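Once you scroll down, you'll see the structures, which are given as structure tokens.
Below are two complexes that have chain A in common, paired first with chain B and then with chain C.
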Partner chain A sequence: MKQTMLGYLKQESLIHNLTGATKLICLILCSLITMLTYDTRVLIGMLIFSVIVFRLSKIRFSDIAFVLYFILFFLLLNNITIFIFSPYEGVKIYGTRTELFQIAGPYTVTLEQLFYHLNITLKYLAVIPMALLFMVTTNPSEFAASLNKIGVSYRIAYAVAIALRYIPDVQRDYHDISFAQQARGIDMSKKEKLSKRIKNITAILMPLIFSSLQRIETISCAMELRAFGNHKKRTWYRERDFGIGDYIALVLVIFLFVVASVITLSNGGRFFNPFKSI
Partner chain B sequence: MRQPVIEFDNFSFQYRAQAHPTLNHINLTIYEGEKVLIIGPSGCGKSTLSNCINGLVPFYYEGEISGSLKIKGKETREMSIFELSGQVGTVLQDPDSQFIGLTVAEDIAFKLENECNVREVMEKKVARAAKIVDIDYHLEEEPHNLSGGQKQRVTLAGGMVEDIAILLFDEPLASLDPATGKAAMELIEEVQMRTNKTTVIIEHRLEDVLHCHVDRIIVMNEGNIVADKKPNELLPLNLLSETGIREPLYITALKYAGCEVKAESNPQHIDTLKVGSSCRDKLVKWYTRISEERVSNKNQTLLEFQNISFGYNAQKEILHDVNFEVKKGDMISIVGKNGAGKSTLSKLLCGFYKPTSGRIIFNGRDIEEDTIKERAEKIGMVMQNPNQMISKAMIFDEVALGLRARGVPEEQVALRVHEVLKVCGLYPFRKWPISALSFGQKKRVTIAAILVLKPEVLILDEPTAGQDFKHYTEIMEFLKALNKEGMTIIMITHDMHLMLEYTDRTIVLSEGYTIADDIGANVLTDRAIIGKANLKETSLYKLAVKAGLENPRGFVKCFIDYDRRTRTR
Partner chain C sequence: MNQKVLSIRTIVAIGIGAAVFLILGRFAAIPTGVPNTEIQTAYAFLALMAVLYGPAAGIAIGFIGHTLKDLTAYGSPWFSWIIASAVVGLVIGLSSGKLRVNEGEFGKKEIIRFNIYQIVSNVIAWGIVAPTLDIFIYAEPANKVYLQGAVAGISNIITVGILGTVLLFTYAKTRTKKGSLDKE
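Presenting the complex of A and B:
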């Protein structure tokens, strides 16, 4: 069976040793910074920071390459759509218009627009490594524990964790069912017309839903029989105490957050405008 | 004075959605430290009874209760499922479907987490429970990567990690291969001896449970308790076969031969059974009277596996150089422990995966290039769980699915579906919704849905899993009848009875190698093969050896033929 994508990769590293809660808080703060600001200097700083963190984690690039390319494809798509629907967004934001060349009709490439696209791309690039890293360096049960720690109800946290844990099982069910139905003549390959294929998918989905429901019933019985939901709180076997690394990481990220906010606000807006002085 | 732990007093229960009560006026007391087996055919109420003990009834499955049930002197209705879980540790059927934690340690700790234990306490308790069931060297592993027997150990540890009074096992043998099942019974016995916990086992596979000692057997039928006896007192009676439970085979053999089975001869276990000289003479006489050699003369090869090797990835090969052939009209079984590659073999045959080397020859032609759909015209595959195949609401539509997908005109579809439904005994139900059918009938629908495509060979994955003796006989006789009509049948199974009784030949896989290709009676009397493939020696053979019969293998074969004829008459 294939290794599941974005599954937990066991390793010994500084990043792995941080508790799930620390990683989650850091991820949220870093995402906030990159979401809020369009300041190119801050974004470049964040990008460098996340590349460093990625190196520290000892995760190989090839482990996440597929997902990364997938996201980059969407980034490209995103950029193209922005340009198509709003070719002068940059002009509007930065208040100047430096035309470079005309493509066709109303579409003229401006320096301001290019700069705006650069910022958007930087935003993605700065936050993607962090998010991927969080997924592959956090043990799913610690993930549940960390959600619980930042205030999410443990029932919901556990629902998330157990969903993650059942993905491989459902995948296996899906494979078996789709094989069995294909053997009965339900064609899922490209040879069949799209409308027919969509109809054929129900032949797989119905049994998949029913066998999943069965699964859910068994697992919820098993959980109740072991006192899940008895108390308002629960403890976590995998929960770890905050170590020195966690405090350092938190302080560092909070510091970054403050610095980034100050720089961003000092522009008098979310945008850093290099065109004003020209 | 022994302390009662579980007390049913005139207890009845009716599920909310059901018209009749599932349990009728149950009176039953189980004492501290006792080990009790509750046995009965499907639908007799034994699972409901176990759900009453652990609190799933009425807290999870709702319904009407009358009478009283006390656990350690406390009325269960006034407790909660959580309070009960502090007294009763339950091990459900299929270990795979009840793992919650991602590692063994976490799974064992699950109950402790919910009870808000601090981590240091949890670690201590987990270590202790893991040690009792001997899984302490696997704490950091993923439960799914363990073997079947180890998985069972984990679920057991998870159930008894807190200091509970009662251990409850709901069909602990259902998904295990024979040798692992044997080991599971030994484990239960060992844990019970070490901790002296009251142990309740729900099962219908009597002979396998009796591998270890039990104090009492409670026989249930149609919601009532029909017997409550010590094994040695129960086995001489004919009550078991009357309620549709399979007696241990050696007991049946003794009864056929006309031997009197008495409590004094200690029949609860084949090793402790005393076979007197008069009984011995009767066995010899019976054997010589009915023995006859049957020779099969099939010769046309239908299907051939030639040097098949396969692995899901390049690093790990699952099948190594597998060779065997299937003659037209054969009914064969493929056996072997979990993960030996049995199911993989069927997937290769259907074309779901391609072998890395070797050839599959069907009717003299290499089918390597054939697509899944093309192969399906010749090879029909029925999956273990009918829920994994059924995608329509009505029986007719489900059976017609394959034909319609192939563009067969609707008049012809109706004709062929009706024909197949008659063969499968489902014709009277043709207008019913599938949801109204029993599990066994659903299984038949899935078989019909494949048969309608007129394959030349039928592969069934565990055709009788989870079925009681009556349904087992029904399904297997149905398949046998198909086989008599000329259908070639291949079954993948854990069930030693099935392989002995219904197959002409057995192919044994172990670690991806074929280690035997012989008739069932020979396989199940060969110690080397039994050991390698996690099978279990049949008690008939032991009986024959014990009675000093000259040809124990012949005796096994002869019993099987005789028993089937008697049963289906």
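Presenting the complex of A and C:
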């Protein structure tokens, strides 16, 4: 059970050198664009932009390939369920109906539906490289500092910092407990019946939860002793000042955001409709 | 005021809670055999934390835990379901003032009360919040997202109803009851 989690990968690149706050703002703006719009042109533009940014980061594709395959599989599944449940969603949205061929019964493939599926897939794909990049290029300690910088209360930012700091510890605890219980003959694999598995999982949950509650007590006592929360502000060891690169990145993304909004609004709706003119 | 809502203990509980939520979500989900539905033990844990540390902790653990889980698993957060998780934490957290689990009280009355809260929270989150946001943000077909929501909601109600109740019951047993000392 080796690392299957995305984490920070240290490297030297343009993207790594941006401050966490810049990357966070860029990620939020880019997610907003892709969440709001359904305009194919904007989505393709965003996808190209994020792939370019990804190239700049010098992150190797193999480092994130496992996540990508997982997402692609999930997207495929999602598209299939959408088609099964609503084969004419595209027809409803675009208002025209161009039948291509019939599969069976009520399921006829229409051009509109295919276009709708393309848009949904693009919508997810466009932001994935950016979000992945954010995870792999931002130092966890800097992440908390950047949250605080964009206006999140430092108490919440610190809670996030604690979460990031303790994920590996909790993961280790979980595996230790799980192996210990397996050594005692408690089976968690597919071979057991479902009801038995649920019962067996509590054998892991209980020790994990109680040790976590204990941990909460210890950490909060330590923080209390160091007078956490005594002042209105706090400083962060990992905080960095904005450089030229940060300003360029911010201006670029804000520009993209404005352009995308203008294009989307000019459609008179969230959807770009190529079928009207046909 | 901020001081009161977010005590140091609550902040730490949010941090550790989010970490445990992520790990349970990633490693301790049992597939049921029905595609796309899992028994999410993480929600039983979320319920326990919400009852112990209140609504503020519940909402934050749901939100931060689920966001981090999505980020580390798929690389991109799925906001409609993240917000639904936060709602679950919030509503179950509202019951914390009425349950005195810390004093070792978790009898029949408390079990019923806890389960009413958790059912309400899951119905709101997966029956209303998640599908509506799915339609609004991702413009997915209504019948698909409502069915997905219903399946997730029911499986979560059962998970929290059984596992969550067992967790709280066990936790309450470790606490000393008020007035449990006898004078000899």
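Convention: the second predicted complex is superposed on the first by the 274 of 278 C-alpha atoms of A that agree within 3 Å, B and C clash if a C-alpha of one lies under 4 Å from a C-alpha of the other, contacts with A are read in each partner's own complex, and residues count from 1 in each chain.
Convention: contacts are C-beta pairs under 8 Å (C-beta built on N, C-alpha and C of every residue); 3 or more make two chains touch, one makes a residue touch a chain.
Owing to the predicted nature of the structure, the values given are computational and were not obtained by experimental measurement.
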Discussion item. Quick check on the chain A-based superposition: chain B and chain C, clash or fit?
Written reply: fit
Fill in: Apex chain A: angle to the C-alpha centres of chain B and chain C, given in degrees as a multiple of 10
60
Worksheet item: Where does A:Thr202 make contact in the superposed view: on chain B (first), on chain C (second), on both, or on neither?
Response: both
Item to complete: Based on the superposed arrangement, let me know which partner A:Ala131 touches: chain B (first), chain C (second), both, or neither?
Response: second
Practice prompt. Please indicate which partner A:Arg41 is in contact with in the superposed arrangement: first for chain B, second for chain C, both, or neither.
Written response: neither
Practice prompt. May I ask you to decide whether A:Leu225 touches chain B, chain C, both, or neither, giving the answer as first, second, both or neither?
Written response: first
Practice prompt. Could you say whether A:Val160 touches chain B, chain C, both of them, or neither, answering first, second, both or neither?
Written response: second
Fill in: Touching partner for A:Arg215 - first (chain B), second (chain C), both, neither
both
Item to complete: With the two complexes superposed on chain A, say which partner A:Gln171 touches: chain B (first), chain C (second), both, or neither.
Response: second
Discussion item. Is A:Tyr237 touching anything from chain B or chain C once the two structures are fitted on A? First, second, both or neither.
Written reply: first
Worksheet item: Looking at chain A, does chain C or chain B touch more of its residues?
Response: C
Discussion item. Quick one: is A:Val67 in contact with chain B, with chain C, with both, or with neither? Answer first, second, both or neither.
Written reply: second
Worksheet item: Least CA distance chain B-chain C after superposition, rounded to whole Å?
Response: 5
Worksheet entry | Set intersection of chain A contacts, chain C complex versus chain B complex | 162, 165, 202, 204-206, 210, 215, 219, 223-224, 228-229
Worksheet item: What residues on chain A touch chain C, complex-wise?
Response: 4-7, 31, 35, 38, 64, 67-68, 70-71, 74, 77, 81-82, 85-86, 89, 93, 120, 123-124, 127-128, 131-132, 134-135, 153, 155-156, 158-167, 169-171, 174, 178, 194, 197-198, 201-202, 204-206, 208-210, 212-213, 215-216, 219-220, 223-224, 228-229, 270
Worksheet item: Where on chain B is chain A touching in the complex?
Response: 54-56, 59-60, 81-82, 85-86, 90, 92, 94, 97-98, 100-103, 105-106, 109-119, 122-123, 126, 158-159, 312, 347, 350, 352, 372-373, 375-376, 379-381, 383, 385, 387-392, 401-402, 405-406, 449-450, 453
Fill in: Contacting residues of chain A [partner chain B, same complex]
1, 139-141, 162, 165, 173, 176-177, 179-187, 200, 202-207, 210-211, 214-215, 218-219, 221-231, 233-239
Practice prompt. In the complex, go through chain C and note every residue touching chain A.
Written response: 2-3, 6, 8-9, 11-20, 22-24, 26-28, 30, 32-33, 35-36, 39, 41, 44-45, 48, 52, 60, 64-65, 68, 71-77, 79, 137-144, 147-148, 162-163, 166-167, 170-171, 174
